[in-house]
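Note that the chains take the letters A, B, C and D in the order they are written out, and that residue 1 is the start of every chain.
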Amino acid sequence: MTYQSQSVAKPYFIVAIALFVGQILFGTILGLQYVIGDFLFPEIPFNVARMVHTNLLIVWLLFGFMGAAYYLIPEESETELFSPFLAILMFWIFAVAGVLTILGYLLVPYATLAELTMDDLFPTMGREFLEQPTITKIGIVIVALSFLFNIGMTMLKGRKTAVSLVLMIGLTGLAVFFLFAFYVPENLVKDKFYWWFVVHLWVEGVWELIMGAILAFVLIKTTGVDREVIEKWLYVIIAMSLITGLIGTGHHFYWIGTPEYWQWWGSIFSAMEPIPFFMMTIFAFNMVNRRRRNHPNQAAVLWALGTAVMAFLGAGVWGFLHTLAPVNYFTHGTQITAAHGHMAFYGAYVMIVLTMISYSMPMLNGRKEANSNKSQIVEMWSFWIMTVSMVFITLFLTGAGILQTYMQRYTDTPISFMEVQDKVAIFYWLREGAGIFFLIGLIVYVASFFIGGDEPEATVKDAA
Amino acid sequence: MSETFTKSMARNIFYGGSVFFFLLLLALTFDTESALPELDNRENLTEEVALGKRVWEKNNCVGCHTLLGEGAYFAPELGNVYQRFGNSTDAIKGFIMSRPKDGIPGRRSMPQFNLSDEELEGIAQFLKYTSGINTQNWPPNIQG
Amino acid sequence: MYKFIGVRPCTFVYILLMVLTVFTWYVGVSGLSGLSFAFLVLGLSLLKGHLIGDYYMGLKTVSGIWGWVIVIWLILPGSLIAIAFYSAS
Amino acid sequence: MKNRNTPPGDLAIWIFIMAELSVFAIFFAVYAFTRANNVELFNESQLTLDRNLALINTLTLITSSYFVVRAVAAIRENNAKHCFNWIIAALLMGLLFLLVKSYEYNHHYSEGINLRTNKFYMFYFSLTFFHFMHVLMGMVILAANAIKTRAGNYTPENHTGLETGASYWHMVDMVWIILFPLIYVMR
């Protein structure tokens, strides 16, 4: 760790991992509710568990992004953080607000939570992924602005690199597009249309910038490849992301009351959305192959390569599967969407945050460059268990989705939703099994932080 | 002549390309806004429907159901539930009212939300309104 | 730059492009339709694209794959368009 | 005489050009296949377009592209002043294209025709407007090239920036060369 103030990243990462564990626990509850419908009913109905599952994901990824920025920006800018105090203050505000919101979901019915937080004054609740009470949303904005101010001032007083600039643009975009969460018109079509300006322009827009910047940073550090080369490709890749992804928003506008032309625009542009992810995979492997040094933190390199591959599979391939309008006509809102969502979020965003944690945690814990061999081996085991489990979760959901699409939508004698759910139950059982394996992988991951702490650091020779 | 591939040109393309396609998105958004009156069934967007949408949101219905294909995939699509229930708002209200408080053993069940008469009418009218949105013939059949 | 009786090659190409364009327009305004005219017009346009690639973009002097990008690009949509028009007739 | 391995201009713009061309290629193919299923509608709607204006626009773009070729030739002959003038001439032709196209759009809108009228107009407006924005974009790039030429930034040895802008402009021209017969003439 070059700069003392980088250490503010540590609490962010710890809370991120803790919330990750919570997210997966609720994931296994949801999986079980798919097959045992009355599990935990009426105490924790499905909608509440799902809200906790998705909101925890978003919140812990935001913690991860912020932690990553607090670690990355001072190092790139070659200066101490503008205000470590502000960073810690915002950490506590965000953590308390996040925990209170989750508790609110769990302890009282959602409608009561809406009453308690006076949602009628400025209604923004009850939309997918944006279920947070308005007061929490305002809190998020305040935290985000303080955060941007903090890292922006740090950048201004120091060196400006492409990596930090791209990260800054991505994070600014994240904050700006979140503002659409406050626009909830009575008109359902408009509501849905602008809702995607948050959700799509996040995950298929500015978040890709964040992902690209973090990946580039870790690759620069672990491969020793010339910064010029990496930054050049970073620009090309994120340019492709936005070129395809901005109009690619159209693939959400096929069937929600918007004009027919979106089917053409959306299909054509989103058909090209896998390209930047493919380039990212090629890029990551290329840079590692051209490495000028062997970094002792092999776990971080594994995560970096893993995120590039899994993002391409999850976002690129599984996205392409159902993005063309004639296909999407039948698959829209089925388990195919769920399959894509799981692998894309894991591959692109979970893994990039874990890449950054894997790279920086040894230094935050006072190591020189890497954890001990023992710890790294456990971490790599967790990588494989979680990643393979996620592949199977995706495959089982895809199987369920294909059957569902056929029986409920495609065949000449369609049967009802609930009947179909019974018929594909075997896939849900298998998915739940894969989910349990994922949880085991996550436990192994957490364990890797407590194993081999007293052993000497891995050296290049050992790791190679 | 040597190969030229500069970081500054890559950066310019990133900025130029992003601005270009963002403007294109805005242009298409603008056109969509002007097209919506013909598609979004706004002539039937009454006070009651607006109230129903609030009920929909306050009870987090989208946490289990899809509406026009968006939401959770745990419970049936509701964009065409009005037609599926025989073009009857009473049938919708009846279904919501009759949900058992403690669920159905071993099976998925919608919670009992204890909605007031006004709220029930609102949500039913909201779902009726939604079924009138021009969704380019989606879903493919009545099963949603 | 190489010149032929004082005229640049790009100027020859320019005149050729203009003439071919007027011809295409003539096919359009005189209402000539049918597969053979469609293919004729399409073929001429692909030729024009190739001329632009070679002489305007300067790909004539480029060896290797980059010298072929425009030709490859022209062939792809060109053949798809041809198939579509053929199947429609 | 093949004397280089990479095309004129910065390789980054060529990656961009390939991406853009792919979009246009898909759009063209989708147009053709959609037409194959709606031949009568497409043939009928096509007749309402103004082929004379399209001719003017095609000639305008080809001329503009030619001027840019001359601009690059001028800088290679170390004549920055001529180079600048050629770019300005190309920009004026680009402006003429935009004016004619805007006139056409205005005519359509006054008749109540838009993106949503039918499938043919959907493609007509989408393709031509997408191209229209490329002309605008190309003009912004050329304008930047003109300013740099004026400032004396380009030399006979090093004018990659100008070649980059020129390559992009020729791409915009070439796309129109396919678009013109496809949408206005072929039936």
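Heads up, the rule we're going with is that a residue touches a chain if its C-beta (ideal position, glycine included) is under 8 Å from a C-beta of that chain, and two chains touch if they have at least 3 such contacts.
All of these numbers come straight from a predicted model, not from anything done at the bench.
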Pair sharing more residue contacts (C-beta pairs) when B-D is set against A-B: A-B
Computed distance of Cα centres, subunit D from subunit B, in Å: 40
Inter-centroid spacing, subunit C versus subunit B (mean Cα positions, whole Å): 48
Centroid spacing, where centroids are CA-atom means, of subunit A and subunit B in whole angstrom: 23
Whole-Å gap separating subunit C and subunit D, where each centre is the average of the chain's CA atoms: 15
Multi-chain contact residues (two or more partners), subunit D: 3-6, 12, 15-16, 115-116
Interface hub residues of subunit C, defined as touching at least two other chains: none
Multi-chain contact residues (two or more partners), subunit B: 5-6, 10, 13, 17, 24, 31, 35
Graph class of chain-chain contacts, one of line, ring, star, complete, other: other
Of subunit D, residues touching subunit A in the complex: 12, 15-16, 19, 22-23, 26-27, 30, 115-116, 122-123, 126
Interface residues, subunit A side, partner subunit B - complex: 33-34, 36-38, 41-42, 45-48, 50-51, 110-111, 114, 119, 123, 125-128, 131, 162, 184, 186-193, 228, 231-233, 235-236, 238-239, 242-243, 246-247, 249-250, 253-263, 265, 329-330, 332-335, 337-338, 408-410, 414-418, 421
Subunit D contact footprint on subunit C (complex, rising order): 1, 8, 10-11, 14, 17-18, 21-22, 24-25, 27-29, 33, 37-38, 41-42, 44-46, 48-49, 52-53, 55-59, 61-64, 66-67, 69-70, 73-74, 76-78, 80-81, 83-85, 87-88
Footprint of subunit D on subunit A - complex, ascending: 232, 235-236, 239-240, 243-244, 259-261, 264-265, 268-269, 271-272, 275
Residue ranges of subunit D in contact with subunit B within the complex: 3-6, 9-13, 15-16, 114-116, 129-130, 133, 137, 140-141, 160, 164
